[in-house]
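See the structures that follow.
In what follows, chain A forms one complex with chain B and a second complex with chain C.
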Partner chain A sequence: MKASPAYRVFRVVALTVVVLALIAPLLWMIAASFKTNVDIYDTGKALVFSPTMDNYVKVLQQANYVQFIGNSLWVAFAATVASLVLGVPAAYSMSRFNMKKSALVVLMARVIPGVSLLVPWYYVFSNLKMVGGSGVLILSHMFVSLPLVVYIMMGYFDSMPEELEEAALVDGLTHIGAFRRIMLPLSVPGIATAGILSIIFSWNNFMFALVLSDADTKTLPVAIFDFVGYASIDWGGLMAAATVVTVPIMLIALFVQKYVVSGLTAGATKG
Partner chain B sequence: MATITTTKGSRSAPTGPDTPAWVRWANDHRKWLFAAPAMVFVAALIAIPLAWTGYLSLTDTEGSVRAESTFVGVQNYLDVLSDTERFWPAVGRTATFTVVALLFEVVLGMAIALLLWRPFKGQKWVRVAILMPLVATPVAVGMMWRLIFDPNIGMANQILGWVGIGPQPWLAGQYTALPTTIFIDVWQWTPMVVLILLAGLTSLSEEPQEAARIDGASTWQRFRHVTLPLLMPTVTVAILLRGIDALKTFDVLYATKGRGGGSFHEVETLNVYAYGLSFDYNEYGVSSTVLILFFLIIIGSMWALTARRKEAKR
Partner chain C sequence: MPEGRDDVRRQSIFGASLAVVVAMGLSACGGDDSGASKTVRVTLANHVWTDNVKQALPEFEKQTGLKVELTQLGEDQLSDQYNVKLNAGSSDIDVMMYRPLQEGKLFAKNKYLADLSEQVKSNKDWDFSDFQANPVEATTHEGKPVGVPIITEQEVLYYRKDLLAKAGLSAPPKTLDELTAAAAKIKAAEPGVAGFIARTGKSAAVTQFSSFLYSFGGDFVDSSGKAAVNSDAAKQAYALYGKLIKDSGPANVSTDMGWPEAMAIFTQGKAAFYTEANSLYKNATDPAKSKVADKVGFAVFPAGPAGSKPYNIPSWALGVNANSENTGNAWKFVEWATSKAQTLAQQKSGVPGARTSVWANPEGTSTFPKDMVEAIEASTKSGVSHDRPLVVKIPEAREIVGQPIVDAITGKDAAAAADTANAAFQKFLDDEAK
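Then we have the complex of A and B:
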């Protein structure tokens, strides 16, 4: 049945409002990042202003953001690779052998408040002289990405027919050989989904780096606070910093939309 | 299966009499060989610290985790549970924040998902737009809204001015700060609910819809008596996933109001309170107590929700 004309008009209007409400604030942030602080304070210059790159020069050169971008990238990349290496075989085992209790233990990490781990971590890692290094940041971000990888990959392996593996065994592969040569190559889309989601969540993570990093190893979400002073806020610099953090991740989401959506909704419809 | 010794077309050694013992051992124990590294990691980084937090909650540790401390039993729990100045208000704010935000997110999310259900021209672009708030870094989102909601230079009051409403204090007001942070949460996470519900709607079969239509059911009746009951499991999953994260919200609250949830603790939820106790005041004993109670609250609400879901399934 075709939708009625009245409904179609309503849908266009309603969805336009939704899209504007979701996108306009982000565009506002990006616009402000190209304004001088004088223009930001002048509400008359909301839309008409002469763009300036000063804020970006400030962020990238004076505020040392190139280094923080590097930190964020390295931590996100390393935590993701490590989580995939540990998480993919574990998810395979948990899916094939129906290890419900073990899966539940890993997924508990999604439930536990991060603060309750930070105190013991801080104590142990400062004794090991690791606080402030990037190793401890990578470990802490794995706390977020490993459960994510296990959760997404378990769903993926559940959906792969067991016959594939049985055929490989008949062809003379060992169980581990079948996993390595048949199941792994076939699960590349799932691994991509898990990897992308893990990178996004690690890049966006704030609390662990807030406690465990120092002035040299801090990641972008922590570095944003450099522009917030006790007495005043450098709005132009702050918005440029916020844009530098947010836009790369939005571009990734734009290009690999399908993977991001399937990762975010993984397991939601199994009932 | 594993004892088949055919070699035709094989590219790696089959498990037969010639197989090295360690390969056979690895294959026989693959279940735990695969799962153990992840499990050990989780145990070392989560289970042990959590147990330690549990122990700290029974001591009067403060200043440094290494400091001399005495075992005080459940004293911290008695103190915290009778603390009507910081603890119970934080419980109230956490509950208010989560319940109100979830209510808006589920209702709005359902409406938007229904609008996006049937294919139409331009649908792809709406889906892209919906994804943007969802992947944006929460701290940056907090800063962005801080500018928009600034009482003097923010766009929000500007827009209110156009429709003749006076300026509001938004994040800066003692009573408007919490509702404003709820608004930010709804802005950022309604898309998550939309995506989950949309995945659920797409997986529904068409037949019940058709049958109801032939029986002359109106659009509302079809939604109320066909679509909604079938979609209920997905709605529960959305509430569960979103609820856990909403209870633990930290980034946006810290970015907009700073330490202690503002000078009147106006957005101090349990997570913000526990963070402050640990890292601003170094009250490790008390903070561990708050964290254990917080953890129990999260587990309790999850359990209540899934129990209700099982009930509904019967």
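Then we have the complex of A and C:
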């Protein structure tokens, strides 16, 4: 059916309004990252201004951001890979063998607010002399991303027909073999979903890194605060840093977006 | 699926994951510091002071043979980190930069800060008596010094020289009455320019409101320890602060402004007078941040019925973590960073310190604007050593005593708001005393 012209106009207008409202802060951030500190506050120069690259020079050359980007990438990917390695088989067994109580325990870890764990964690990890290393960050991020992976993957495995597996067993594979050769390749969209959500969480996490990292291992969200001083705020530098933090994760999200959507709905349709 | 099998699997999964966690813990365990006595771990806030210390660090390391491990954070992140780490009894921090008025009482009460009574007497040349009385009062807990003030701050009047001249005023206002009249005059004469601006957020404004309160003869708490924000003096101070912003402030003023927003209005050339901490002055005089950099003047806080009584406080101090296993080295760092030479170097780069001798030294004031130095000299003589109620739960107290400020700005009855706030503040003090 062909939409009426009035509807098409309405749709364009409505979409424009919604999109503009949603990306306005983002556009403001990017524009501000090219402005000097005087111009940022000047309402007359909101849209028209002479751009400067100084802020990016500051972020990338003086402020050590390349190292912090490296820290963030390493922690995000290590925590995600470790969570997938442990979480996918766990989710598979919880789904296939109907382990409701175990699933509940995992869910509990997901529900407890992270901040309530910070003091005990800090106490335990500082006694283990781990505070300040990236190992402790990876472990702490896994505390959130592992349950995330388990829950997404459980939904995914639940939706996959058991007949596939039975067929594999009949053909002589063991349970583990069936999981590895049949179920795992079929669940790639689900794994991609779980992985990207876990990476986004790690990338944005501020609280754990604030307390558990040190000057060399701090991640981007903590490093951003270097631009906020007691008696001076470098808005330009702050916005350039924020742009640097946002862009990589947006690119990743764009590339894997189709997996994320299909993965989420795959689990959702099961009655 | 039989229940028994489920149980077995569950146990083995738990066992396996536990083993993994333990193994990861152990592998990350090796190495790490052992020569604790040769290092000193210092946690500092993002501040020009810190940047200067960082540059001078090699000198300290060479002198003492110690290695400094420095962590640097924004002020609120720093505070969060202290609360987690010190609460866990951590010895990871030796020297800590902290805000005596915002968290000093909490830290001292929780015994996070080491008693420095012995150390401050240990070196005659370092000379503790050289520090101004007001800041030292603020870093003393129950008669014992628990910190050494490094950065001081007074409230001063920022003003636009050009707008004053245009309005036919030869000198900045000396009293709050003159300020009110001058602000109204400029607002009426200059379209688009406010006569007066100051912080308006109920918590943020409390510190800058305090000098108004003292200059009217009031305080947050009276001498007997009772809430006093509904005294006649306090009611007048709330009413005047609100009136200045309501009548002479920008149109449709937000009641959520901290210093970055208020400063932005001033530096964009949209206000004639601004009462603010002098530590922020570079935001107004730096051409990279201010459109009116060459037109800004400074004056001592205008006098009220009780005279000119601005706060004179240490915004930051250095303390030693009571749980540090390294207090000797920690003190060496504090002693060096607060020495006369370092304080002089800091003041030359625009960071006001707490040492009388450095203020008396012409070199020590050479980089400050001349009118700023005069304002500071006057403020340190008549100043008050706190800029907010002296309690443990500062953020909560600020919300309570700051509410009448917002009410006065929005045109509500300031006296009634002060009565309400006083009742709430008294209850707060009673709860805290328990």
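Of note:
We adopt the following convention: the second predicted complex is superposed on the first by the 247 of 271 C-alpha atoms of A that agree within 3 Å, B and C clash if a C-alpha of one lies under 4 Å from a C-alpha of the other, contacts with A are read in each partner's own complex, and residues count from 1 in each chain.
We take it that a contact is a pair of C-beta atoms (placed from the backbone, for glycine too) under 8 Å apart; a residue touches a chain by one contact, two chains touch by 3 or more.
Since the model is a prediction, treat every value here as computed from it, not as a measurement.
Once chain A is used to superpose the two complexes, chain B occupies space that clashes with chain C. Looking at the shared chain after the overlay, A:185 reaches neither chain B nor chain C. Once the two complexes are overlaid on the shared chain, A:245 sits against chain B while remaining clear of chain C. Ranked by how many residues of chain A each touches, chain B and chain C are led by B.
Contacts of A:161 after superposition: neither chain B nor chain C is touched.
In the superposed model, A:204 makes contact with chain B only, not with chain C. Of the two partner chains, chain B is the only one that A:32 touches; chain C does not reach it. In the superposed model, A:130 makes contact with chain C only, not with chain B.
With both structures placed on the common chain, the touch criterion links A:232 to chain C but leaves chain B unconnected. Look at A:114: by the touch rule set out above, it reaches chain B but stays clear of chain C. When both complexes are overlaid on chain A, the residue A:106 reaches chain B alone and has no touch with chain C.
Clashing C-alpha atoms with chain B appear in a single stretch of chain C, chosen from 254-262, 272-280 or 380-388: 254-262. Shared contact residues of chain A, touching chain B in one structure and chain C in the other: 41, 86, 90, 93, 97, 99, 102, 118-119, 122-123, 139, 210-211, 228, 233. Taken together, the chain B residues at the contact with chain A in this complex read 1-2, 4, 6-15, 19, 23, 26-27, 30-35, 37-39, 41-43, 45-50, 52-53, 56, 65-66, 111-112, 115-116, 118, 120, 125-141, 143-148, 153, 155, 158, 187, 191-192, 195-196, 198-200, 203, 213, 233-234, 237-238, 241, 244, 248, 250-251, 254-255, 270-271, 274-275, 278-279, 284, 287-288, 291-292, 294-295, 298-299, 302.
Residues of chain A touching chain B in their complex: 1, 3, 8, 11, 14-15, 18-19, 21-23, 25-26, 28-29, 32, 40-41, 43, 46, 86-87, 89-90, 92-94, 96-97, 99, 102, 105-106, 108-124, 139, 142-143, 146, 150, 166, 169-177, 179, 181, 200, 203-204, 206-207, 210-211, 220-221, 224, 228, 233, 235, 238-239, 241-243, 245-246, 249-250, 252-254, 257, 260-261, 264-265, 267-269, 271. In the complex of the two chains, the chain A residues touching chain C come out as 36-38, 41-42, 86, 90, 93, 97-99, 101-102, 118-119, 122-123, 126, 128-133, 135-136, 139, 210-211, 214-215, 222, 225-226, 228-233. On the chain C side of its complex with chain A, the touching residues are 1, 5-6, 9-10, 13, 17, 20-21, 24-25, 27-29, 32, 45-48, 69-75, 77, 80-81, 84-85, 87-90, 92, 260, 264, 267-268, 277, 279-280, 282-283, 287-291, 315-316.
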